[in-house]
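What follows is a group of structures, each given as structure tokens.
In the two assemblies presented below, chain A is common to both, partnered first by chain B and then by chain C.
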Partner chain A sequence: MYAYVIRRLLQFALVLFLGSLAVWAFVFALPGDPATVLTGPDAAPAELAATRERLGLDDSVVQQYVTWLGNAVTGDLGDSYFSAETVRSTLLDTVPATGQLAAFAMALTLLIGIPVGTVVALRPRSWAGRAADAYLTAGLAIPAFWLGLLLIIVFAVQLGALPAASDYVPLFSDPAGAVRATILPALAVAVHASSVLARFLAASLHEVMGRDYIRTARAKGVPERYVVRRHALRNAALPTVTVVGIQLGGFLGGTVVIEAVFNYPGLGRLLYTSIGERDYAVVQGGVLFVVAAFLCLNLLVDVLYAYLDPRIRLA
Partner chain B sequence: MAPDTGSALSIRDLTVEFDTPAGVVRAADGVSYDVAAGETLGVVGETGSGKSVTALAALGLLSAGNVRRVTGQALLGGTDLLALPPAELRAVLGRDVAMIFQDPGTALNPVQRVGDQIAEALRVHDRALTAPAARARTVELLDEVGVPNPAGRYDAYPHQFSGGMCQRAVIAMAMANRPRVLIADEPTTALDVSVQAQILDVLRRAARETGAATVLITHDLGVVAETADRLCVMYGGRVVESGTVYDVFARPRHPYTAALLASLPRLDVRADRLTPIPGRPPDLIEAVPGCPFAPRCPVGHDRARCAQERPEPVVTGAGLSACHYPDEAGPPPRAAGPGRDAAAAAAGAADGGAGVQGMTPSRHGEPEKSGPRPDGSRAPDPDGRSAAGSGAAAPRGAPPDGGVALDVRDARKLFPVRTGVFARTSGYVHAVDGVSMRIPAGRTLGLVGESGCGKSTLARMLLRLVQPSGGELTVAGHDLVRANRGELRRIRQRVQMVYQDPFASLNPRLSVGDNVAEPLRLAGGFSRPQRRTRVLDLFDRVGLRPEHTDRYPAEFSGGQRQRVAIARALALRPRLLLLDEPVSALDVSVQAQVLNLLADLQHESGMAYLFVSHDLSVVRQVADEVAVMYLGRIVEAGPAERIYGNPRHPYTRALLDSVPAPDPAGRGTRRRAPLGGDVPSPADPPSGCRFRTRCPFAEERCAAEEPVLRDVDGGLTACHFAETLRGAAARAAGPVRDEVHS
Partner chain C sequence: MTDAALAKTPAGPPAGAPRFAAARRFARSRSALVGAAGLLLLVLLALLAPWAAPFDPNEQGADNLLGPSATHLLGTDELGRDIASRVIHGTRASLLVGFGAAALGALVGVPLGLVAGYVGRWADAVAMRLTDLLLAVPGILLALVIIAVLGPGRLNLVLAIGIGAVPEFARLTRAATLSIRERDFVVASRGMGAPAADTMVRTVLPNVLGPILVQLVVTASLAVVVESGLSLLGLGTPPPAPSWGGMLQEARSYLHQSPWYGVFPGLCLAFTVFCLDRVGRGLQRAFGTAVAGGAREGTI
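Here is the complex of A and B:
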């Protein structure tokens, strides 16, 4: 188990390093350089040279990367090209908002996805099963941004029950307000995600229910609900955990479109606007954060996997 | 037949139907049987005979979604299980009737501790039982079924248990609530023969201690002969015969039973030719008005009554038989292949030297053959150290035309074991550790051993599907180890393999004809019409109908598919056929057909066979010479007569003792000394003699000094005490060494 976790950690470090290289190289590979973007097309050569000097663009490639990486490790991601703020503080403003949205969305995904997947797998011919199956198909087919618009029209415009544009209301300062502000974008994300999750869970559960150990449990006289809970779900959860990890990583990476639709002040919207403004420092920092978050979640999934599956834990 | 109140379990007229795309399958058709407390009923039948379906349906455990209907009764002490509402049925399951399943590897939940799974069986039926009490009771149960260190093993997970240990845990689970009926569905089929003997022992003890009625469902006639009191033979979803085990084996009253018994290969003698049951089991979709066995029946003689009138089980002699002519059912006349038996016998007598190198005893007075010695001048192994191939390599008379099809010297295969953070190689699994063997053309070497002994790895090495780690491998005169890609391709055309599972080894998307033609296509040089002609010829040779070449594998039964696989292997006229458990996935009656086919093909073509099998009776039937493997090494080898008639290695003897004989007569007095324990890990084999940890005769010397294969009584044996362990005398007297051996 320990060797397994350590091996995963080393892999994590390696991939993060490669990821940082890619993130940094992406800006480096752009036509022109940040200085031209920053100073604008009409800048005087002297101004351009000064900017290049300030940004360290005259150093060697390796030197630039090492400097950037060293700064990034200490939390210094440079300054935003346009606003007066550092990238770090810009990110710090948006990451909690996205984190909260992701948490809400994941909670809804699990709340919807697990029962739906279970019903589809266990009672495919009941009315609940058929309804759940219809939900799956619809959930996969409907684009999230369109669902978001629909939710805004129904709940904000028609019913006036919820705000159309969501602000970030921290959960701990105002729980009710946080729910009101986050529920619609979270739902818009969760419908699709829960359909994916439910589909995986249903397939996995269906397969597990045909396994010999399920028959063994029934032959022991274990009531069916315990057969499902104790024996089937945990085994079926194994492949599903991977899906959940990937989805959560996706949520953190900024549900770019949804945040734009709801004008939600999260990382997604930040990246969206920064790309539009060609504020590459922010894009670089934001993407680096997303990569790191994604890798962390992957690591977490691996560890959770090992925890759930003794065959890996004790190997 | 009124319900017998003395029965613990009575199945009454049970019928099970499934909906399939092809139509309604009646998997069980009016099945009735009884089993009394303390009694063991063996339910015997081939795949699809309905033996398992009946039991599962009786307990409401059929989980397939396409069950169409289940009718009849399953009376457990007067209560009809089929009429019980689900909640009440659950209260009975595991408490009054418990089940043991076929594959212990999958019957346990992989993510739950073994002990917890047993404790669960206790706690669902006794809500008042506390967790510590359930744990204590579980530890007792584990101890009863022979799990060593039960308190420590409680917390282990199934993957940390061997197959045999898993099955013990499943038995512990089944006996937890002292049920009145135990149903064991093929409880030993997935296990090695030595472990099978242990598990049957545990089952017997469990039944005795709980006083339960036992239903033992199996395809293995040896297992029922060894353990059952009464027998119930099923065919085509019906019970065709029942009676006491002694009566049924001594005087079968149904031609199917008689034919089944006749088709078995035996451990004690090699039949000239097996007597297979022609044809294939009935298609349960077509409703047969008459007897389902009629198309294959040797005594029916196409009488109209057999085809038109369904025979009901009637009292015949001491049992029941569902045959219109039960008195004619006796052992069918042995089918005599025209001229083949004599020829085979002659070939058998003209014994060649297939076998482990150096097994050729240089002893004078051996029945010696004439014939060229293509390799007779080979010098003795310079270092006589290698265990398996120690001696000189003078082959005893290879057949005049053939030469040596396979020559293996000191073959090794090491698999690295990777551990730690950087997955460094911390050791090696010695899967094959210095094995030498030789097979002349036209001869068969049988390679036997328990799972994990390296026999399949060795077979794969001979095609270089597994890269050898060392040794010299010469196939049909070609150096396999140093062959480059082109040479390897050519060698592989001379050596072909037939795999165990004919369901997995044929490409399902190609017609069977294309499957067979594929080696020809890959080899090149055959035009389409030539390939077609060749395929038709091959189909004819393996007994398949030429008009079936365009069908797909899914349309064929297991036996037919294995024929297709054999045809494919023969396509390029190989010199050597590697048969890796070729009949172990087949039913007994079909197995005999395939074994006969292989014998015929060898006789016609002079191919050499390496026949890998865990089934000692099958190897007895096919092999000229036999090599016994244990933990990567050959521990004993020699002519089949010597190995089976006069085994000198304790392992060989234990294996032979473990095989249940398909004859209940004298089973009470038969000496059975099943091997204890499991095969040790090949990553860390015991010092000295690898078998010493399970050997009843092991002494200090065995741990210190590894015995080499040496010439003992016309064969090779790697045991320090080979001379003193004399076959018949020692076996009768039990584990007493005969010290006065001259």
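Here is the complex of A and C:
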């Protein structure tokens, strides 16, 4: 187990390093250097030179990267180009909002996805199985942002029951308000994600139900519900753990369009508006955060998986 | 890892399978045929858009934000343009970018995976860390950043979405290559002194085409959604060219005046994804393969 964890940690560190390099290099791939973006097209040469000096753009490339990385490790991601805030505080303003949306979306995904996947796998011919299969088919086809738009039309515009633009209301200060503000975007994300999860779980469960140990369990007289709960679901849940990890990582950095549709003040909308404003310091810091968070989650999931399934560590 | 856990049968057709057996298996599934028929309809609409559409998609009129009527089947938009005609013409942007991005992903990812799986060692390590890196960024975010660098436009859109599709093709091809590289016919090719490149292209590649084809369809359905998402953000297909995502973006401003505006472009999008999914599933069953990357769907 230790050998596996160490191997996985080294891999994690290497990819994170490559990621930081790519994120940092991104600004250099842009037309014009940061100083030109910052000072605007009509800047005097002296002003441009001063800005270049201040940003350290005259140092060697290696020196610049090392300085940037050193600062990033200590949590200093530089200053926003346009607002008076640091990138760090700008990010910290939006991360809790996206975290809350991700948590809501994941809770709904699991609440819907697990029963749907189980019913599809175990009772495909019953009315519940057919309904679940129909849900799964529709959920896979309907893009989250379109569903979000439809939800806004129905619940906000027509019924006036929920807000069309979602503010961030922290769950702990106002639980009811938080649910009202987050439920629509979370549902829009969860319908699709739960369909993906359900399909994985159903495939996995279907395969497990044909295994010899299930037949053995039935043959020795284990009641069917225990066969399903103790023998089948536990084994089928394993590959699904990985899917949930990947989805959660996606919720943290990939709900850009949903946040834009609901005008939700999260990380995705921040990155989108920063790209529009050419505030590349924020984009750089934000993408680095997303990459780091995603890699940490992946590491966590892989270690968890290896802990739950000894076969992985030995492979 | 997920793919390996879900894979039921090794990649490639079963030994001794007659040619076109996969096509026959595909044709036996009604659900796959429904998807294929829908896809054919969409392709025809895209090709014949100027004849199929009742109006010029960019022709403006005085009657704006109309509801559905006999003249304008789906109503008109804020500039008085016929929504039905714009939806029909929008098929072009979706399919072009969708299949273009998938093809680009395959064009880069398949050789990468082939070399990683066949050559192994350092080539494998480099290729896999590269895919790890690309997989660590959500597809839509990666596309957004690439568009920020390259600027908008249809070709850049294909590039931006296609790059995100590379790792899945690379991983899939690598896994399939690994599973057959020690099989007798590959060893025989090596043993006869064929250069590595020759063995890879002529002996290994034809036997891993099945899963690659499946992945091509799956990726296209993802790319169609990402294209619409980017257009919704105003970074996709540049206006005034009609695109479903762009129409959804415009519809957002008129939710009160004309709530039906965004319904049909989204429905077409869902129909396209549905058809591609059916075709993908049919191919998957026909070739007996698992698909990579399904879990990355939908986080948009």
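Just so we're on the same page, the second predicted complex is superposed on the first by the 309 of 315 C-alpha atoms of A that agree within 3 Å, B and C clash if a C-alpha of one lies under 4 Å from a C-alpha of the other, contacts with A are read in each partner's own complex, and residues count from 1 in each chain.
Here is the rule we use: a residue touches a chain if its C-beta (ideal position, glycine included) is under 8 Å from a C-beta of that chain, and two chains touch if they have at least 3 such contacts.
Just so you know, these numbers come straight off a predicted model, no measurement behind them.
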| query | Thinking of the overlay built on chain A, is A:V189 touched by chain B (first), by chain C (second), by both, or by neither? | reply | second
| said: I'd like to know which partner A:D93 touches here: chain B for first, chain C for second, both or neither. | reply: neither
| request: Return first, second, both or neither, reflecting whether A:E47 touches chain B, chain C, both chains, or no partner chain. | output: neither
| message | Taking the superposition on A as described, I'd like to know which of chain B and chain C A:V257 touches: first, second, both or neither. | response | second
| message | Looking at A:E85, would you say it contacts chain B, chain C, both, or neither? Reply first, second, both or neither. | response | neither
| said: Let me test your reading of the model: by the given contact rule, A:D212 touches which partner, first (chain B), second (chain C), both or neither? | reply: first
| task | Return first, second, both or neither, reflecting whether A:A22 touches chain B, chain C, both chains, or no partner chain. | result | second
| field | Larger contact residue set on chain A - chain B or chain C | value | C
| request: For A:K220, decide between first (touching chain B), second (touching chain C), both and neither. | output: first
| field | On chain A, the residue positions that both chain B and chain C contact, one per complex | value | 238
| query | Where on chain B does chain A make contact in their complex? | reply | 59, 61, 63, 86-87, 90-95, 98-99, 101, 103, 106-112, 117, 120-121, 124-125, 157, 159-160, 170, 173, 419-423
| request: Flag every residue of chain C that touches chain A in the complex, lowest number first. | output: 1-2, 5-6, 8, 129-130, 132-133, 136-141, 144-145, 148-149, 225, 228-229, 232-233, 235, 248, 251-252, 255-256, 259, 262-263, 266, 269-271, 273-274, 277, 294-300
| remark: Counting only contacts in the complex, chain A reaches chain B at residues 3, 6-7, 10, 209-224, 226, 230-231, 234-235, 238, 308-311, 314
| task | Using the touch rule from the top, collect the residues of chain A that touch chain C in their complex. | result | 11, 14-15, 18-19, 22, 26, 29-30, 137-138, 140-146, 149-150, 152-153, 157-158, 164, 189, 192-193, 195-196, 199-200, 203-204, 207, 238-239, 242-243, 246-247, 249-251, 253-258, 260-261, 268, 271-272, 275, 283, 287, 290-291, 294-295, 298, 302, 305, 312
